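The following pair of complexes shares a single chain, chain A, combined with chain B in the former and chain C in the latter.
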Partner chain A sequence: MKQQILMPKLRPGMEKGVLCAWSVRPGERVEKGDVLFEVETDKVVSQIEADDSGIVSGFLADEGDEVAVGQPVATLETEQ
Partner chain B sequence: MERKPAWLKVSYNQGAVDEIAQLMRELNLNTVCREADCPNIGECYRKHTATFMILGSRCTRNCRFCNVRCGAPAEVDPEEPANVARAAKALRLRHAVVTSVTRDDLPDGGAAHFAGVVRAIREACPGTTVEVLIPDLKGDEKSLDIVLAARPDVLNHNMETVRELYAAVRPEAAYARSLGVLRYAKKARPDSLTKTGFMVGLGETDDQIGRLMDDVLATGCDILTIGQYLRPSPEHAPLARYATPEDFDRYRDLALQKGFKHVASAPLARSSYRAHEALEAVRAESGRPS
Partner chain C sequence: MIYIANDSADPAYNLALEEFAFSELSEDVLLLWISAPSVVCGKFQNPYREVDVLGAARRGIPVLRRESGGGAVYHDPGNINYSFIRPAAPALDYDRQLSPVIRALNALGIPAERRGASEIAAFGKKVSGSAQRQSKGRELAHGTLLFDSDLEALHELTSRPDEQRTRSKGVKSQPSEVRNMRPLLPRDMGARQFLEALRGELLRGGETVRLNPEQDARVRETAREKYESWAWNFGRSPEFTRESERPPVSYAAKNGVITAFSLGGRPVDAFVGARLEVSEIEAVCRSIADSPADAEMLLSAIF
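Our next item is the complex of A and B:
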């Protein structure tokens, strides 16, 4: 099943986030809890973990892109 | 945006955050984790720990370092003590940490409500230890007595910064008053632990930090937390520096050398971060049961 990975709302009032680095590559298999990408906010860099296991099938945002909260940044092919 | 040092990386799991956030919503509760935009929220929520923030989500003070919003305070929710206890039970907390916004509008500063929450947790979760992280209650000893009568295991009141920066960072607080809270709590209840914390990165010097430690230690305070100030937004107090992990090690060693029983000093240490470990460490050292 194809699943979208979204830009999370890391803090109250957050509308956009800068995807500062990918931690995976397209086609790579990830397990639940693996770090997918990093988002920089005013305070820290948050390492965003996968909620499900699967294969990262495509990136929808590049490093350095500013992405609105709730918008997809990648797709994940899961087994369920 | 200025690049963050390599040591300011945290993990974030949306599923874990959503799970705890939903529980809090269902019980009409706030956490300081969310309201203060704590960087450790991902780690703590994944471990099923949270710090309750009672008495509403709007503070009557406007400290320059804090992300909690200042505004008209909420009506005190009479169901809140029972709901905090329900959440503590649902999360199976071994150690519950309860803080609040500052409520200068209430005659007792919210002390009776704090005491009600402590008692409700004790009743619902008999094995759970309770730590209160209180505002200064305007330094009123009667209000402090009300909180202390509920016998929290730890009474925490944060100094937040050195004396020299109070006017700029905590303009509505007073250095001597905050020390007085810690001093009175220890004098009134010598058997309960007192705890405080401060931030570095606001422009303080090492000499000022040393004097702050001395002043706090003179109140009889047991536990100290030291963490990096992280500016919540460009509207907040400017960041003067990022202290390195080695700086934090140095501050910890200095504080232990001065005589604190337990010190948590790290860039992402916060007053309630791994609070249970601090309590257990001090009790183990003094031979008291957990």
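Our next item is the complex of A and C:
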């Protein structure tokens, strides 16, 4: 099953975050809890982890891009 | 909460100690630390845009990168840093970090107040900036406290008037007017004394510990392999281009290495592949310039 990986809302009122670095490559397999990417907002660097295991693909953001909360940044293809 | 006593003035050691407490310990930790003169950039900054890298090298001041976000800060023996390391809050939050620090400063007689999302100010000028890191359910919340810092050096090294010459991704610093807190104290004291007074206010009966030799060795290893390394501090810079008019230099760099270079519109291959590190670039400048003065102008245009 394909699910979208979204820019998370890390605090109330957060509208966007900068996707500063990908920790995975397109086509890479990740386990639940692996770090997918790092976001900076309000001088906070947060590591965003995978909610599920699967293959990450379809990257929609480059490192350094500002992305609105709730926008997809990649796709996770899970086994179920 | 435990307090790890640490007298090191080595900025690489101090950043490595924060990282050790973050990644290897499970307790809530408070650190208070003072580093020798150094510039510390946010994790995703381009030091070539944010910092006077040439000026820092000439003064023998190292430029480092930290794990938290935000902008470039200047450290010296007049600046005290605090770090809270603990389980991450459910939502990003600066209150939990700033309220106890402001209370402590107020208790020591400084009319500090919160300003904006993440700053502390006194009489309208910034005295403290802060930043955070969150990973695997743990949080590092830290900040600077300008006590008796060399504000001229701070300004010269971290505010770049010619920043528009550089086109780069990465997080921009947000310079603001700053002041030192020492002149605001009701009773004068030195930076170390102030640190100890802060410890009393912030620790509130928590235990003070020191690292054992094995832990200390691990911190030293991280300091050496990461925070003293060119690869971490400069090699992780975003791709960027830079231009200057006199002399007419234009170049592109990736991971801190020059990928294309032209002088007066003509490509100069001698620079391609060179690391943007002052002594390395200086050597190339000398090898192609007609005079030492020309080499110096070229060097200033590059940094």
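Here is the rule we use: the second predicted complex is superposed on the first by the 79 of 80 C-alpha atoms of A that agree within 3 Å, B and C clash if a C-alpha of one lies under 4 Å from a C-alpha of the other, contacts with A are read in each partner's own complex, and residues count from 1 in each chain.
Basically, a residue touches a chain if its C-beta (ideal position, glycine included) is under 8 Å from a C-beta of that chain, and two chains touch if they have at least 3 such contacts.
Remember, predicted model here, so these are calculated numbers, not experimental data.
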Practice problem: Report for A:Ser46: first if it touches chain B alone, second if chain C alone, otherwise both or neither. | Solution: both
Give one of first, second, both or neither to describe whether A:Ala21 is in contact with chain B, with chain C, with both, or with none.
-> second
Report task. Check the residue A:Glu77 against both partner chains and state whether it touches chain B (first), chain C (second), both, or neither. Result -> neither
After the superposition on A, what does A:Pro8 contact: first (chain B), second (chain C), both or neither?
first
Ask   = Does chain B (first) or chain C (second) touch A:Gly64, or do both, or does neither?
value = second
Overlap of the chain B and chain C interfaces on chain A comprises residues 10-12, 18, 35, 38, 40, 42-47, 49
Listed in rising order, chain C residues that touch chain A in their complex are 42-44, 67-71, 91-94, 117-118, 130-136, 169-171, 238
Counting only contacts in the complex, chain B reaches chain A at residues 1, 3-4, 8-15, 17, 34-35, 37, 39, 42, 230-234, 268
Touching chain C in the complex, chain A uses residues 10-12, 14, 18, 20-21, 35, 38, 40-47, 49, 63-64
The chain A residues in contact with chain B across the complex are 6, 8, 10-12, 18, 33, 35, 38-40, 42-49, 51
